[in-house]
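First chain A sits with chain B, and in the next complex the same chain sits with chain C.
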Partner chain A sequence: MRNSRVAYPLTWRVMDMLENVCARIWPASLHRLLPYLMLLPAVVLVGLLVLGLFQIGDASLRVLDTSTFLFSEDYSLENYRQAITSGFFAVVASRSLMGSVIVTVITLLFALPYAYLMVRTQSSGLRKFLLVALFLPFFIGQVVRAYGWLIILGNQGMVNEALGLVGVPPVRLLYNYPAVLFGLIQYMLPFAVLMLAPALTAIPEELESAAGSLGANWVRTFRHIVLPLARPGLVGAGLVVMTLSLTDFAIPAILGGGSQDFIANAIYDQFFRTSNQGLGAALSLMLVAVGSIMVGVVFAVFGAGTLAMTGGRK
Partner chain B sequence: MNLSNGARESAAAQAAVSVKNVSMRYDDFYAVRDASFDVPKGKFLTILGPSGSGKTTLLRLIAGFGKPTSGEIFIGGQPVSAVPPHKRVIGMVFQKLALFPHMTAAQNVAFPLKMRRHDARTIADQVERYLELVKLGGFGSRRIHEMSGGQQQRVAIARALVFEPDLLLLDEPLAALDVKLREEMQLEFRRIQKELGVTTINVTHDQREAMVVSDEVIVMNDGLIQQRANPVTAYRTPQNAFVANFIGVTNFLEGPATSVSGNEVAFRCAGHELSGISVGSGPEIKAGMSCSGAIRAEQIRVAAAPEKLADLTFRFTGEIIDAIFEGERMVYEVNVAELGGVSFRVFDHDPIGHTQFLPGERVLVGWNPKDMHVFGNNHSPN
Partner chain C sequence: MIGSRSKTIVIWTFVAIALILLSAPTIVVLGASFTAGNMITFPPQGLSVKWYGAILGASDLRQAFIRSLIVSAICTVVSIPVGTLAGIALAKYKVRFEKAIQIYLLLPFTIPLIGSGIGMMLVFGNMGVLGQLWPVGIACCVINLPFMIWAVTASASNLNEDLELAAANCGAPPLQRFLYITLPAVLPGVITGSLLMFILALNEFLVSLLLVDARSVTLPVQIYNSIRSIITPDLAAISVVFIVCAGIAITLLDRLVGLDIFLKSK
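Let's look at the complex of A and B:
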């Protein structure tokens, strides 16, 4: 017995020793706790955010006294009333909501063919090119990218100079609603493609061949086979794009030039410009509520299973 | 099989499918090389071959997934190279079935009717009729993932047939099934094909399936058609060593030919003069040419006493290496030292009536020259 023990390779003995040490520190009876322990960091992180939400909830109920710049001791719904009745916030809110819907629809329209081509192409060169083109913008960052659009689309920018060469007077391409939407779509496209690609990969190519042999041309194959089966990916990508663009700050700020504020910009102004934390907090909570309702509606219409959460039971 | 020229032409005219000199090349690799054959209306043809033999490529070309590099395919007499799959009226059962998971069984079967714009009022009846044909009446509202493997097979067949195509293509749909279910489905394919009389092309690597279901078999290897015959002919008179080896269990003996007279060929193997018949389509065998003699495992007999093999021309002593009892037959592996130590596989189809030999026992093996097929060696027997 002893002899055979000596004959073990060194690495085995080291591993045995480590195992023994581990068993001392973390006895087998505690093994069942391990998964929960591993969950802890995520729970703490989200939990901290919820604590912050309570803080914001508290702040949203206190009114700023503009003469003393102090917050009232007692609670009131004044901030919410102001947020709802003020024409300015109504404009900002509808601009953000409509913007996020438009951005979502156009982004999905653009992302679906891109992801489809990337998944289905036979040429590995083309696939690599599409992937690199997709990831490159991620390395640049949102603010730099928005600044890039300023250079390209500005009054003295490349586009206007090119137009000048053919005798067209400078066009104002920036600081308007379409410019913000354009910037958002360009920013969201990679997210949408990355979420759609796995959903499309999961559709066996044979299904499309089968649809063809059963008499469906490519349009009908796409409508009856690819689209229904890609629904989980479409819903997931749509949700991400919608919530991200609804709450975006940098693109409306830079490409809108202050004239096209989204909700996040309005909240920023309340917190850091007018220092009305109460109103800012009320707006924040309303944004959270609107976002949650949107996600809830999507789940109610398409089912939570569309996010592939019940995939295992299929 | 022995049609005169005129008869052959009229057969081609009424062929459901006619493949003419079709080649398919990928870069410098030929998946299919100069394939030509006709499938008469209502016949069940199986393309049999190992993986990589080009059989699936050929089937997909007929279905319209890809265009041949050269040659032309005719369906119902019309060239179809320029016709996309959805405009060819071909039912196809795919290897992985390719049922639509987001639809019920009935919706799957109704899909081709909807795509082909059949009258909406007749679709439900037609779907039910075909579900009954495949013995799935009443299962229409089941989802695909709620059905067993065999039921899914049946849905796939119903879907491929419901629009009454001129041609049914089967791309190894039975490969993934367990043996029992596979054999059941083979008979089912045969029954449905006979009932509807639809021309069918089946692709498989399973020689048993090819024998069971087909009117005719095409054996393929390396992109080339090796032989086309009915199952019995293909088994009895293989055209070359590949077919002899691929269909059935065959033993090979090699050596130079010593004399040829008519279709009788004598050759020398390990100092012994052996003979057999030459039936192949390969090059004519001349004296001195290297050749292979092929003999089926069930054509060799094994016995302990020489008088039991008195009716056999060739007899050699050997030693049992392995003896496997398979129930309906005994499989022996016999080492024949007299023939240079070749190993023979020998079947004894009466394991209860005959003595069973054990490994290590010395035995005699014997056969008749009429059972040995001799092929000239330019196709290597592998």
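Let's look at the complex of A and C:
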């Protein structure tokens, strides 16, 4: 008895049993379907999102009856008409769009040197420091970071107290458009750097040395070597920054103080303040459409390899 | 980095500003949490840890934190098998309609968060499960799933088909090959992905805000709700919890797989 157990340990028996169960459930004849079985759970999970989109679509076609506060049974495009013709949503949309463009440009302007230094530096200590400085805010979350800015920029915040010490009256630094953009840039920097870094790693440093030895100064090297070769990364990072800042909720809500709403805040208000679910749903779908069109245009113009995330292989 | 002095100066100027921008909120929150005063003022009125004592006694904050931990745990536990299997399938096998499946699996990134959040709010609302914690965990898992799949596929270059064939040649059945050859090869990716999933779910704000009710608020939502009124140092103290968690996650990530993997070109 004992001998046999030594010869054939328990773990082997368990493994054999599991193998048998697996072979019973998924016979070798179905081998070709195995990858699809492995993909199935992920497809089902993401399916929740698709289902959600359909439910938003359904809700967006039902009009709120303001006298009974019930939604209509029949479908109409009234909500979309209201969303497009309303001056208020046009203001919010143009504010968000303009904001996301400004944020994208400034974020890339700072992210490129940061990623460049991080990739090119000889010192592994400096590289690690830059990485940690990048990941710490990335891992802390928007609310806490926005709270930090409230402490710094508030009316009784650090900046104003410091100004007060030298006799300058308090300046209103919060709850305005620049404050929101400022917060968004800070929020987006890690995303942009993390998407740019692999693109810069792919550029051989020898190319820059070669340009230098042919007499180009560093500005020209940067313009004619680094920037063109980093273009896929720049486009990908710009795209991510633009869509994320266009659709952000927390920063405009906290640093804008309700006066600088972006699209996401307007949608939230439709659902939770005015309880006009149909109009909110119509706005959400339009935002999803704008986001998808932006991604689609970038794919069409620059090729689908832009989003580094899709690749992974090779 | 090669190049002239002016290049170093210009690059460092941008990097220095970026570093201040990135670190200022963290440092200020850390500093404010140790203030002795009842208000956050500058310069601070002495040092104390009394606000840490205050948050230990605040049961609403403690419960919100526990709820956040549960949500993150659910999210991570679900995402590990789902993301790992999908990642291996995409990296190892020739799949029909691979491009379409990839684009489909990237939907959580391309659909704006407010759209995903509202959609899942309607779905879970119709199922009548809103107000429980597991839908929040599942939702966090869905919206960040591409990170998990990306992390696994990124480490799939370690997959070696010859090794698996050799194992099969030695008589290892399929499950054994998967457990002893395939899985260890992508393990760094799985670790990276699950750390990302956990920390992102811990911090997830908008989707939590849409899916929780008054009795099931998570910590970021709790902080957001309290920010509206006056700024008190206890919020800074509880925010330090997030900073500590972020620090732990970064340390683990660095020890286990190395932060440098984020710089690799693919």
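We take it that the second predicted complex is superposed on the first by the 277 of 314 C-alpha atoms of A that agree within 3 Å, B and C clash if a C-alpha of one lies under 4 Å from a C-alpha of the other, contacts with A are read in each partner's own complex, and residues count from 1 in each chain.
Just so it is clear, contacts are C-beta pairs under 8 Å (C-beta built on N, C-alpha and C of every residue); 3 or more make two chains touch, one makes a residue touch a chain.
Everything numeric here is computed off the predicted structure, so don't read it as measured data.
K.L.:
In the superposed arrangement, which partner chain does A:Phe89 touch: chain B (first), chain C (second), both, or neither?
P.N.:
Neither chain B nor chain C is touched by A:Phe89.
K.L.:
Contact-wise, after the overlay, does A:Thr243 reach chain B, chain C, both or neither (first, second, both, neither)?
P.N.:
second
K.L.:
Report the partner of chain A that touches more of its residues: chain B or chain C.
P.N.:
Of chain B and chain C, more residues of chain A lie in contact with C.
K.L.:
For A:Phe191, select first, second, both or neither according to whether it touches chain B, chain C, the two together, or no partner.
P.N.:
In the superposition, A:Phe191 contacts neither chain B nor chain C.
K.L.:
Kindly classify A:Ile225 by the partners it touches after superposition: chain B alone (first), chain C alone (second), both, or neither?
P.N.:
So A:Ile225 only meets chain B here.
K.L.:
Between chain B (first) and chain C (second), which does A:Tyr175 come into contact with in this model arrangement: first, second, both, or neither?
P.N.:
In the superposed model, A:Tyr175 contacts neither chain B nor chain C.
K.L.:
Of the partners chain B and chain C, which touch A:Ser209 in the superposed model: first, second, both, neither?
P.N.:
Both partners.
K.L.:
Overlap of the chain B and chain C footprints on chain A, residue-wise?
P.N.:
209, 212, 217, 314
K.L.:
Show me the residue ranges of chain A that touch chain C in the complex, using the header's touch definition.
P.N.:
Of all residues in chain A, those touching chain C are 15, 18-19, 22-23, 28, 34-36, 38-39, 41-43, 45-46, 48-53, 55-56, 59, 109-111, 113-114, 116-122, 127-128, 130-137, 139-152, 154, 156-158, 161-162, 185-186, 189-190, 194, 197-199, 201-202, 205, 208-209, 212, 217-218, 221, 243, 246-247, 249-250, 253-254, 263-264, 267-268, 271, 280-281, 284-285, 287-288, 291-292, 295, 304, 307-314.
K.L.:
Could you pull out which chain B residues touch chain A in their complex?
P.N.:
Contacts found on chain B: 63-65, 84-86, 88, 90-92, 94-96, 98-102, 111-112, 115-116, 145, 159-160, 163.
K.L.:
Of all residues in chain C, which touch chain A in the complex?
P.N.:
Per the touch definition, chain C meets chain A at residues 1-4, 6-7, 10-12, 14-15, 17-19, 21-26, 28-29, 32, 39-43, 78, 81-83, 85-95, 99, 101-116, 118-123, 126, 138-139, 141-143, 145-146, 149-150, 153-154, 156-157, 173-176, 199, 202-206, 209-210, 220, 223-224, 227, 231, 235-236, 239, 242-243, 245-247, 249-250, 253-254, 259-260, 262-266.
K.L.:
Help me check something: in the complex, which residues belonging to chain A touch chain B?
P.N.:
204, 206-207, 209-217, 220, 224-225, 228-229, 314
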